């Protein structure tokens, strides 16, 4: 596994789903994700990645997950995870669950992509064009949840020719088995995997 | 050229860019598009298509075009039309240009897709998944502008296996030559082309 | 989890990478994948799925994986699994590794898609259009390897609105941990998971 | 309109459909395209672009168009141009129409992409990944036909963040009106348009 170069001109930090419904006890699925979110201190790790990115002049992109009434009412082809999200009205823009967690409110170094539907912004939001229009070819990836939205963004970034460093401890999942599945797959699909402490240092030192 | 079946269960009306900056005299590019917009009475034709769709229980999707400061400031690879839009701050969400025209305000039969960037929602918004999740395989396409966003949505819908009826007189463009280019290309790429009067009748009678 | 309807008019069997380099002892990575390929008797299970599909008049699509000298020599952004494949010249069309295994030679009920590059045909081959042009909206998915190409085809089919039944025992992977990662993720992302015995029966009875 | 920099490390020449069925009198649609193909001397212009690219160490990619019996027999959603191609069995790999024209046979500076289906390789072949894996961000685009495959490749390259120079006289179309439609649209969508004489000079001088 190579060590990617974190160049300020061509690298972005990409955070998936930094929202209440994954990261705060008021989440509608906290019984499923709460344990590994707290174990990994995900909010704090993403905050540190953001701060370091700002220090190194590396832009941060959020790829949020959102649904609304018209989708809950009319989607006809729900898979297992869709069904869970729709049953719990996860990421409902009418409530608070789709809000960004307060510690991670977008700032002037954050660009918020359109919401993705299902798991990957490369299929349903503007991730690709927003990154390419800024000359980004290297992505530092973290967020929620490890084996679903993070992993789908990883897979699709790779299919589109980006190099991806996945931060293995700034993420969590619906249980240890789901988290382990993600880590196993990152080991095959990412260009590099690293932990927050290491990545924070490299982001802050970017030029 | 076949005549497509307008089935209420599998057809949608898709309208691109039904916004002030294309359809109203306060548009920042009215000197370019105003003439053919008025000649074709585009706002009124789209309104008639919407009303007929509601009558036939056919859902309407809007694919809007939007930009914001962070894009005006940082996109590095502008083509000719991007450059025009960025110079005039067309579709700036900070102003009124990106607003829907009042006659075409979304109603409870309208689903608003995420904004597309550049010309096609199939690349940068959720057009594909929102249509497929509702069982749509046939699209009635109209809006602005004829040879740019309408035509790009047409081309990409076809690449993804949708059948497309393009409404040839519920659109306009930056001059007669641009409009003619679109009409020529629709003749090759659409499954059917038809005029508003005919389409309105078929939408209203959909079952 | 719902039980999908296997309708002969709108269902396809999709098999990823049914090739020597994953399924036969002469594979360049047999030391990695051989054990679970043999445990699961993957070749025999795929053969049974094919036979049943033919009986039920359900078409079969192959999405093969191939590389050639010009790629081995010039790709600049290899991730971990690319690096393994390039180091071993896996799926090299100049050798036998990219050939279909003899038991699974395409027949007159098999359509061979263009080769996919990296993990998903929905990004780099004609999977989407070949399926949609035939009215397919439901996919029965199996093949190699479980957590890489099968899972990427699953994720992307779902993003494009297909319903997917993943066959959990007609696949294998580079070790038990990789196989388990896939099974965990299928449980979230597929519309249905089922075993070969059950799927064979349903395919053969399709109408 | 800016003048793009032709850098040997990040530029590729992309040629669509350099095949018998568009460029030679034995084409099944020569009655439609022959006149503008000959007027523009398209084969000779593409040959000059190829030679200049080789001189400047700029790689050349071919995006061919192909169909086979299984497609002619089973595609259900043909648009107008599909219907023409299917009626004439254009680009049938069983005949000679899909062969490259002899003057443009791929050489060791040519990479042949998988065949595209319908009009754009960015949807149905490996254009995106083959270009990105080699660090390409700038495309010099030419080939056939002007308002169909060339224009669809142009539109999709732009949606994916490439900069595109379209060569306006190394292309042709099914009649003057179709050619004019393409030229009009290139003027909006390309980053630069230029003629062969100019582009040949810049390619040969690339570093």
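A few points about this structure:
Which chain is which? They are A, B, C and D, in the order written, and residues in each are numbered from 1.
Rule of thumb we're sticking to: a contact is a pair of C-beta atoms (placed from the backbone, for glycine too) under 8 Å apart; a residue touches a chain by one contact, two chains touch by 3 or more.
Protein identities per chain, from UniProt: A, B, C, D = Cysteine hydrolase.
What you see is a predicted model, and the numbers here were worked out from it, not measured in a lab.
The minimum number of touch steps linking chain A to chain C comes to 1. C-beta contact counts were set side by side for B-C and C-D; C-D has more.
Chain centres were defined as the mean of their Cα atoms; on that basis the chain farthest from chain A turns out to be D.
Same-residue interface: chain A and chain B share over half of the residue numbers found at their contact. In terms of their C-alpha centroids, the spacing between chain B and chain D amounts to 27 Å.
Rounded to a whole number, the gap between the C-alpha centres of chain C and chain D is 31 angstrom. Each chain gets a centre from the mean of its Cα atoms; for chain B and chain C, those two points are 37 Å apart.
Contacts with at least two other chains are made by residues 77, 118, 123-124, 128-129, 132-133, 159-162 of chain A.
A complete topology is adopted by the chain contact network, contact being made between every pair of chains.
Against chain D, the residues of chain B that register as touching in their complex are 1, 77-81, 118-120, 123-124, 147-148, 151-152, 155-156, 158-164, 174, 177-178, 180-182, 184-185, 187-191.
The part of chain C that touches chain B in the complex is made up of residues 128-129, 131-133, 159-162. Chain contact summary for the complex, chain C toward chain D: residues 70-71, 74-77, 111, 114-118, 123-126, 128-130, 132-135.
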